[in-house]
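The following pair of complexes shares a single chain, subunit A, combined with subunit B in the former and subunit C in the latter.
And then the complex of A and B:
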């Protein structure tokens, strides 16, 4: 029972990271109708930026964090202009292929620059954690859960209670109508990419001290996050969060009770099960093309 | 050669030399592979090229023809390779038996993967194939008892008579030529046309009678089999296989190959594969630093997609398009035969209490009407009255919330769109849905191939029938032009010809006059009268009251999802509530401001 509680806490923490990346997926998908396959690489690049600033240049942790996020915002802009924007009027297939190309490019460019050895990054706090009854609460996991909660609240406030958020929502629902109402659709999409890159970046920086910072971390996280969006219901924000948390917990328990080497395989099995039995996910509606 | 590539005897006579030339070329290449005085290093590069190209042909089928993505081709390649490796080394099977077993295994896996995801479309497929690829790598690395783990399988043998590298290369080239021919011809077969139709417009394909799901699964399984075959030959060529040869990055290499060369044709696949194997060999220094090599691949994918969407072969072809046109037909098109199924019942279509709700919105709310055999029946009503929704429910694009649809007494209510088309329902769309990469004739051929439609004794007869349908709408002279080169009005006529060619029992026309100028409207009116004169029943939706009054014998009027009038055209158009629905008030009463 104590082990189960401990696993639940760890799973919740990992799941929160998946949820953040899944949110990035969903936001871009809703704005552009395209899944960004380089979403995981945003996390990876941010983690490396963090390693460069905080470890190699020995800058203060908070400054490194801000620099890394600024770098992600810039990457979001470059990504939008270089990968999405030129293809925006083509069908979705060329766009996904281009984002896959971007994902390969980013991970291997980092590999070429930084080499294959995984890097370690220390956590934000000096205290490693606290003992709460039978469960040991790792400080980094607490931070991950806390930040995720804050971001979810921020996002709710932003989209429901600010004009900019409403403009972005309008853009994702009907681009033509939004542009007729004087909303600059291309700026809104740009903003979505910037926000998603920053979101992915935060997830990467938060999870970096728990995992090692490696080239593969991006694709691993992205795969789980995508499974999370399908479990939650494609394109649904609440679904992405719940799906991410559920997946983190399933995976942690699977690794503890079934098999460690196949840990990364559980996400796939859950994904297939959902595709077969409930393709619309927990919260989604069936996707249908209009005649 | 298949039917479409050589529709008439004269064309077949001209295509024969091409076929002979191809066979001669393939034989020459095989002989050259066997005899060329090159060293082992070159031989190995050539074997790698040939085996990779076979796997890339798989992507030509799934991505180029069918428009579906597969990011796990390296996994299927790996299955084929491990089947030969483990089969011959651990199980002591014969090389060919191992290839065959591997092929069966890969076909089953490909079909299973397709069955679970292809109903859902592109994004799911992309992510699921990536996941599948990752799982396969995990299993190959970790299931040491069976796969030998990261060490891989060594000293894999080659089949009898092909043990020398020269002979083995010759074998690979021969198989490459055979598979290449199959993939080259596929687009002009019924299955290949169905794949292209799915790629161009899935909705229109289903309404033309194509089982889109089955077609996609078939394409996916075929792609997997070609991947497996390539992998099996690769294992024989290199005698050693290990998990890292079949990782996700190799899947990306396959994808880059097909995109660079051009996904639409096996020639493109061959060009892409050759370039991406030979170039890196000459630029080996790039491989020294890990990452650089694949970073360039990633960048290449983005640039190719942006600047060369049809790949190198597509680019070359567009330059050569002028003299690659198909020769014109020499014999005239016959008269179109329309033979609607004979039935004793007077009603062709019975719609009983049909309803379609979208959440709380009752778009169609318990509508009943009957369409008499022969003649034109119009369904009219103001904007938002539920006409197009009714049509979409009739053709199966929407599932009804309640009610029944009977065609010639047969209940269609539970059938999928393609099954309704097979049962005898043809339709056109308000916003034209043609297969945009195809010629007018190819579009109509797909309609003519409707399951449950006319039977043809030969491919030539099928072509003749399709040409007759095009001639009926007056566009036979331009049969071999791409549909995108036709005017809007003519595209509409091609869509009608596509539906007519299937010899439907009932033809549904969704606002055929929308966007036509007055001359085109007159031509459309005459066409509808000629169709009706052939005994075919038509259900038409349109806003053009002159056209409706001109052609329709029976009219059903909808307003707010309910039927407000039904009967003979002249009577219905005189009813006060019909006029009120259109003008907003009783003709004599003052309008409410």
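And then the complex of A and C:
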């Protein structure tokens, strides 16, 4: 029982990271109908920005965090203008390829600027964790879970109770109709990219003290987050969160009770099962084709 | 002037022969080229940088001492991208240059396995750092190892844990790649031979993000000592931190990666008090001390095995070519195999018929982030 509780906590923490990155996938997909394969690199870039500010420049942690998020917002704008906007009237394929290209570019740019050395980043708290009965609660995982819950609540409030959020939702549901209603579609898409970049950035900064900061960290997380998005139902915010958490828990329990070397395999077995038996995911709607 | 048939034929023959003559002339004055595959990009890029520094320091030292066969040595580096396809491509690019006399291969056994068939076809000496014992026991006469292999590290870890620390119930954690699997097997074999109990033998995949299940398995096994074979330092860092967080405090002896500068930097206090078997330990010999100083003066960080093995590899290869007195691969091979008692940074080289130059390990202890030499154990195998 103690073992199961410890695994549940760890799985929840890892899953929360997948969920945060998956949210970014979903938001951009809903706004533009394309998958942004550079979403993982947003996490990596933010983690490196944090290292530059908090470790190299020795700025206060909170200030480094704000600078990193501002940097991510800027990256979201540049990404939208440089990668999505020029191809917005093309089919989804060139845009997806452009996001893959951007992902490679970002990895190599960071490699060229910062070098290949993995970096250690301190967590937000001085205390590494607390012992709660038989379970050790890593303070960074607690923070990750807490921030994920807060962001989910914020997202609900933002999309359901603010005009801006409703405009963004309207844009994601039907761009032409939104445009006819006077919503500036391009601005809404820009805002979506900014928000997704910041979300990815938060995930990267939160996970950096756990996984260390490296060029590969983004792609590792993004692959799982992408699987989580499919499991949850592509395009569904709740699905991304549930999918991410489920994936984290499944792979942690699978590793502990069945086989550690096949840990990644469990996640992708579940993904394949969903693609075969429920391709719309947990919360996605079945899409019927017209005859 | 009329062009006669004889004049035309002579001119044509001269033209045809010219590239060969020029090539021969330039070959006579050219450098002795050594090719090196190294991870310039990818997860091991940092250790690849250290490896290049070590090799370049050796090239400088060799050239300062008069070069090889009277010519300066030139090092040509190709990026292996820390992948198996990458290393095959990088090695092929270098192998296509016929004037390269010898090569430095990878430190990762899985990559050495990937390029071994090409090395066999090329039939030129390749110095390797991979420690899978099989590499020098699979009928490839062109691989020469400049690190002690894992059958030695396994027996040294077992020897130190049983005879020095006095523990007999072991947990083994190892990567599932060629290096980790061979290492885990070697340690299990040595423990079995010594009559110790293996409470857990646990593999993991490289670049794992979380080691909670592995740590909990170690905890539940009831082992009183832990031995590990980690391929990547960031994995070792995450594992060590989770080990301490989840309250596992049993003595821990790791393979060489636990002593690397990157692992020490990433894991920090989580690795304090652990032991490692290191092919390179600065205090282990005069040659190691001299190399440590040279490396620190250049790289501004302490040397580790990532650079010391390439330093030795270039020196051993240069010594082999000089002993052979020729660039003919067969003669160089015989000369390398005849090297005995050469004092390298990693230890004393005594090549056996398989191409293994070193046969023992240093045991070092992590004293608050500084690796302190404990003892050298020469394998009895």
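In this text, the second predicted complex is superposed on the first by the 276 of 291 C-alpha atoms of A that agree within 3 Å, B and C clash if a C-alpha of one lies under 4 Å from a C-alpha of the other, contacts with A are read in each partner's own complex, and residues count from 1 in each chain.
Going forward, a contact is a pair of C-beta atoms (placed from the backbone, for glycine too) under 8 Å apart; a residue touches a chain by one contact, two chains touch by 3 or more.
Quantities reported herein were computed from a predicted structural model and do not represent experimental measurements.
With subunit A as the common reference for superposition, the partners subunit B and subunit C occupy clashing space.
In the superposition on chain A, A:116 contacts both subunit B and subunit C. In the superposition on chain A, A:279 makes contact with subunit B only, not with subunit C. In the superposition on chain A, A:82 makes contact with subunit B only, not with subunit C. In the overlay built on the shared chain, the residue A:264 is in contact with subunit B and with subunit C. Contacts of A:94 after superposition on the shared chain: subunit B is touched, whereas subunit C is not.
In the superposition on chain A, A:104 contacts subunit B only, with no contact to subunit C. A count of residues in subunit A touched by subunit B and by subunit C gives the higher number to B.
Shared-chain residue A:226: touches subunit B; no touch with subunit C. The superposed model shows subunit C running into subunit B at a single listed stretch; among 21-29, 57-65 or 111-119 it is 111-119. When the two complexes are superposed on chain A, the residues of subunit A that touch both subunit B and subunit C are 111, 115-116, 215, 261, 264. On subunit C, the positions that touch subunit A within their shared complex are 40-43, 45-46, 48-49, 176, 202-205, 207-210, 212-214, 216-217, 220, 233-234, 237-238, 245-247, 262, 265-266, 268.
Touching subunit A in their complex are the following residues of subunit B: 67, 69, 71, 116-117, 119-124, 126-128, 130-132, 134-135, 138, 142, 202-203, 248-249, 252, 255, 259, 289-295, 297-302, 305-306, 309, 388, 392, 397-398, 429.
On subunit A, the positions that touch subunit C within their shared complex are 3, 6-7, 10, 14, 111, 115-118, 120, 128-129, 136, 138, 210-212, 214-216, 220-221, 252, 255-256, 260-261, 263-264. Here subunit A touches subunit B in the complex through residues 29, 34-35, 37, 82-83, 86-87, 90, 92-94, 96-98, 100-106, 108-113, 115-116, 215, 219, 223, 226-227, 230, 234, 261-262, 264-265, 267-268, 271-272, 275-276, 279, 287, 289, 291, going by the rule given at the top.
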